Amino acid sequence: MSNEPIIRVRNLHKWYSGVHALKGVDLDFHRGETVGLVGDNGAGKSTLINILSGTQAPTEGEIFFEGKKVRFKGPADAMEAGIETIYQYNSMVPTMSIARNMFIGREPLKWSVGGIGILDTKKMAAESVQAIADVDLHLRSPDALVGELSGGQRQGVAIARAMHFKSKVMILDEPTNHLAVKETQKVLGFVKSLKELGIPGIFISHNIHHVMECSDRIVAMARGEVVLDKRVDDTSMDEILDVL
Amino acid sequence: MKRFLKIYLEKPELAGVAFLLLLTVVFQARSGGVFLSAANLQGILGLLPEVALVAVGVTLLMICGEFDLSVGSVFALTPMAMAVTLEAGWPFLPAFALGLCVALLVGLVNGVLTVRFAIPSFITTLGMLFVARSITVVISGGFPPLLPNGAFPKWLFVAYVGPGDMFRMSFLWFVAIAVLVTLLLSRTNFGNWVRATGGFLPAAESMGIPTKRVKVACFMICSLLAGFAGSLQVMRLGAPLPSIGEGLELQAVAAAVIGGTALTGGIGTIFGGIIGATLIRVIDNGLVLSQVDANWFKMVLGALTVFAVILNAWLRRKAKSIKVETGK
Amino acid sequence: EGPMNIVFTHHSSASNPFWQAVKKGFDDACAKIEANCQMIFTQTEGAIDQQAANMMAALAGNPDALLTSIVDNNAFDDIIQRAVDNGVITMAVNVDDTEGADGNARASFVGQGFIPAGYSLGKKMSEFFPAEGPIKAVVGISAPGQNWSEQRGAGVMQFLEEFKAANPDREVEIVRLDTGTDGAVVAERVGAYLNANPDTTAYFDTGLWHAYVAQVLADRGVEPGTVLMGGFDIVAEVLQQMEAGYIQVQVDQQPYMQGFIPVMQAYLAHTVNLSPADVDTGQGIVLAEDVPALWDLAKQGLR
Amino acid sequence: MKRFLKIYLEKPELAGVAFLLLLTVVFQARSGGVFLSAANLQGILGLLPEVALVAVGVTLLMICGEFDLSVGSVFALTPMAMAVTLEAGWPFLPAFALGLCVALLVGLVNGVLTVRFAIPSFITTLGMLFVARSITVVISGGFPPLLPNGAFPKWLFVAYVGPGDMFRMSFLWFVAIAVLVTLLLSRTNFGNWVRATGGFLPAAESMGIPTKRVKVACFMICSLLAGFAGSLQVMRLGAPLPSIGEGLELQAVAAAVIGGTALTGGIGTIFGGIIGATLIRVIDNGLVLSQVDANWFKMVLGALTVFAVILNAWLRRKAKSIKVETGK
Amino acid sequence: MSNEPIIRVRNLHKWYSGVHALKGVDLDFHRGETVGLVGDNGAGKSTLINILSGTQAPTEGEIFFEGKKVRFKGPADAMEAGIETIYQYNSMVPTMSIARNMFIGREPLKWSVGGIGILDTKKMAAESVQAIADVDLHLRSPDALVGELSGGQRQGVAIARAMHFKSKVMILDEPTNHLAVKETQKVLGFVKSLKELGIPGIFISHNIHHVMECSDRIVAMARGEVVLDKRVDDTSMDEILDVL
């Protein structure tokens, strides 16, 4: 049972209009294992994790989640199944406050009828302040608009949210972009801590040092195909740089 | 003090309030005191709830990032459906319910077509503007039926209430609904979803919000309010003309924008939409009292509308440049 | 030979009850002669450019007869000339070129012009004016810039000016308001105006929206007849308000007849070559005492 | 072949062309062959240049990320200004130039107000819709002046030309202008700036494009084309009516959207706008010829418009899912 | 003369609504010198360079460019003066092709009248292909829409553009974000090459290694103020990490 991969990807293809972005990807993600996903720009990393998180539909191929074949119709399905994602782009609503952004789609409610109810704004403010402090970010107030934050502050809020809502699987697409030194360390610490919590993770980064530091296994992609899939202990920085 | 000023002036709807007060003073003077007379206020307060309700719905939908040009037609269709069934002998409640269901259905169709085929709601609802108006004419058979006297509970919808008969029941309905929608938008998770959907659709989607359903719901609320507003008007005036509500769509959008709602979605408040609608009504009324000649009427109306928005933008900019750390 | 093809184009949109009555007369007449008939409305009220386009489209189908309102002296001249040249029986209905047959190639005219209608409304209303004291008349131009509204208003004002000239000792004030074509808005605007100017003698509407003004006055508890009111066309609300005494004079051009007669004339022209003749569908002044007789007709859409 | 199909179907305006062909067949059958008759085509081609010119301007402006609701009013104002001065005895050229200058001025005011105060053009031009219409009525004095016969060179603008008198000169003007604007948009650096400004304003600005001036220029071009189109119509009909062009604003926007222009700016082609305008005219004309009952007319019109856009979206999606590496 | 700084900033203040983002910054940028700008998230780095590049107006303070006091009304003014900037965000129009994005605002024209003229599309295509190849990026065609590129590809195009239009001063705000290993090396190489070309540069990054590698001088900011301003040789990684 514990040997069965939590996510199994078989023969995954993705066609954008005129671009064959994934060309038959086969991958297994195991419980309690953090996979570092590396690859050239445009290799298809984001495409792969977008499919896993339900934001895009595969053109062909199958995904098994906990052994069952799944077909996510949207991010909501994937989140329901327990996949939490930090996207490379597009993860914040700039016209809304930090506190609201933290909880979009998962608002704490004072009471509700049929899923719709009154927001518990106090709890939202308190928890978001806490979550942001947890990533060492200094923000003025949870009521500031995300659109008025600096690049790194915005990324920090996205990280804080994902850390707050830990889930069965964590996917992080270049989470340390825009982040300052301290915050980057926090994020790397978080990724490492996933293993202790038994949460499998997929960590995309162009910084091979970071990837080697945090992952158990490294998967390298190039032009829509997996070109290397080894445990960190079985490979070396040079081998990875070589295939890229 | 500075801080207080700043925070308040930054709210777009409060710039609208300021302009409203200014206009009130001007019109009061120009009309020789008639503008604020009880009878005139009574007149304004008769029509206001109806257009403001439409503005409330349109504002909500615009915050959600969509448009509805068909509100004017629904405004006519709902009461027509009600009147025709009333004339056919139905009791009030089922007839009224039927009317509102028709409105909901129009909203549903608008919403489903828009999100299902991913086409601009501008087009869906422009088509619906024609379709709903056409159905209104068809079911009326061309000749508007009279609303049989006593066929509907006047006391519940249009009777005068309050001190000096200043208000109508419709005003109370409007206030209740406005408060409700305001709370829905600002205090519930649904409201959060609406803002997120209109603010940045890809983010809202990737956060697992059922954006399609949120949009359809907003379309339906918008249509429902327009239909209800139309019914109020018809009950007040006693007869459903198939032509009522023509041009209402642009007026409602203008009200929302004057009140600070962004055409691109995500930004705005219900209160702002109401202020916008009130401004439009007040300008209209004040111009009549100022005896502006027919040919010039539209010019002043147009100029004042633009001026309202310019003032609004200017005040906000001023407020922003006040140097106070708000701790935000 | 097959059934006759008759086309009716005009300047109004489908949500206008007056033209629905014309349509009923038109359709009924067509049923009688078993003709193939089509009435083409415009998308927006008073859109002459659309009407011209509709006429051209309709003429492309080679109808036997073209009925049309001629709301502008020049815009349709070429089109009608060509229709006549092609042997289409062409008649003006409801509104004619102000120069009559001289200004246009159409064969005949059935109806009553805007300006004369406005004039007769004013004239009839003057019988209700108080015998002495100043007169303050408000003319509500429903749609500034649109012929039907401007000309009706002009007719009323023409009379009022004459009235003023004829009564040099009386103070006569004439005000033009942009009242709009939405019942609720008209009611609010005129209501506000009357509020501010309670000394107003009479309100003339260039459409039928004064019925809603009457509603407002009734709501406010103003006695019927305090402000005299008159306008154009008959619908149920107008009749109601005439009975209540708020509306004194209404001009009714007998729309059903305007739809019916030209079809008959076209039929005669087509089958036995009788040339169409002008028909005045009546000065059509309706007063309160005529109302009971009108109810039934109105219900059937005949008036 | 597959690749060819893909590339062509992905162009939104070509989906419009396909629908146009389909409609032609349907209408030709339903009207018993009248639809494609010389007389009817002549009629369509008489009116088409006028609305299509307006659509061209509006499309350009929408690609630039702005809106113009005042085109209908400018459509009436320009020829009215021309007619009034002609009546006052001016020769044609100065009168015509004056009319076009008025149109340019309206565009300038629209543009300057919009960019100077950073307010939505929806409001600026909605205000202008009222103001310009009001000015039209005022200068006409309520009654249209006569266009003196022979006061303008008919042969240059509205005379019939071509085999079987199929075209009018106005059609040639339209073709020339359309080609010019198309080239302007696709081949010049100005066109590049327009697309960038509408596509993503912050980026365009940070790249040093004078976005404000680009916008104002587009407003002016849009107004100018509307004014010129209105003049063509008035010269064709021989009468400057103060009411022409009402409702044209929504029609022009609809044409642009049907032709694939995005309401948010940056995306679209002039040709698409023309196809959209043609579709609207053809639907309108075909419905008249198909003898659709007047009361149902608007319904079919609305439904077909929505359907055109749905088909458009569907075809494009199909084209996108064709699996061919286009090497893009 | 050569001692006079090319850009002199004096007492620069910036207020956003409710936020005092720059609190009296004094800085000199010299000819032939590359300055590494580091600092916490939200320290005000982007704000500072946005003011230098004309996208934002300072609330208070003065800027001297080549000794003359300037007041940029917009990015166009700054570009005219010779300042070329790669922004942290917002530098591409997603609905336009790569070739067009490369040349927005500086299109090569076949002929022109009053600044408006016919595009030389062939030249645009050829030069953009070359420029992109220069940053080691593999792109399908210059006609692809920027909005359809992967995160790194997009950043690569922005870099390629800036490298193509070398100017009097180069400002780079976190240019290596989203970039893969090879492309990052190219960018660092480019920054280093600026010195050889005699072009002064301002290089913002959260990767202290990169900054130390490429810059002559390091400026660290915190909370809107300059807290460290030393030549690279006079400081150490630890000192910098200390002040952050």
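For clarity, chains are labelled A, B, C, D and E in written order, and residue numbers in each chain start from 1.
Everything that follows uses one rule, which is that a contact is a pair of C-beta atoms (placed from the backbone, for glycine too) under 8 Å apart; a residue touches a chain by one contact, two chains touch by 3 or more.
Keep in mind it's a predicted model, so treat the numbers as computed, not measured.
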(request) Work out the mean Cα position per chain and let me know which chain is farthest from subunit D. (result) A
(message) Going by average Cα coordinates, which chain is farthest removed from subunit B?
(response) E
(request) Determine the centre-to-centre distance between subunit A and subunit D, using the mean Cα coordinates as centres, and give it in whole Å. (result) 47
(request) Report the inter-chain centroid distance for subunit C and subunit D in whole angstrom, where each centroid is the mean of the CA atoms. (result) 33
(request) Would you kindly tell me how far, in whole Å, the mean C-alpha position of subunit E lies from that of subunit D? (result) 42
(request) Could you tell me which residues belong to subunit A and also touch two or more other chains? (result) 17, 19, 89, 140
(request) Mind pulling the residue numbers of subunit B that touch at least two other chains? (result) 133-134, 137, 142, 295, 297-298, 327-328
(message) Residues of subunit C that contact two or more other chains, please.
(response) 14, 23, 141, 144
(request) State which pairs of chains touch, listing all of them. (result) A-B, A-D, A-E, B-C, B-D, B-E, C-D, D-E
(message) Considering only the defined contacts, which subunit A positions touch subunit E in the complex?
(response) 16-17, 19, 39-42, 46-47, 88-89, 137-140, 148-153, 155-156, 174, 177-184, 206, 208, 241, 244
(message) Taking the touch rule as given, give the residues of subunit B at its contact with subunit C in the complex, in rising order.
(response) 31-32, 34, 37, 39-40, 42-44, 46-47, 50, 76, 133-134, 136-137, 141-146, 233, 236-239, 241-247, 281, 284-285, 288-289, 291-295, 297-298
(request) Spell out the part of subunit C that touches subunit D in their complex, as residue ranges. (result) 14, 23, 36, 38-41, 43-44, 46-49, 52-54, 56-62, 72-75, 77-78, 141, 143-147, 150, 154
(request) State the interface residues of subunit B toward subunit E in the complex, per the touch definition above. (result) 6, 10, 319-321, 323-328
(message) Could you list, by residue number, the parts of subunit C that touch subunit B in their complex?
(response) 13-17, 20-21, 23-24, 141, 144, 175-179, 181-185, 187-193, 195-196, 211-212, 215-216, 219-220, 235-237, 240, 301
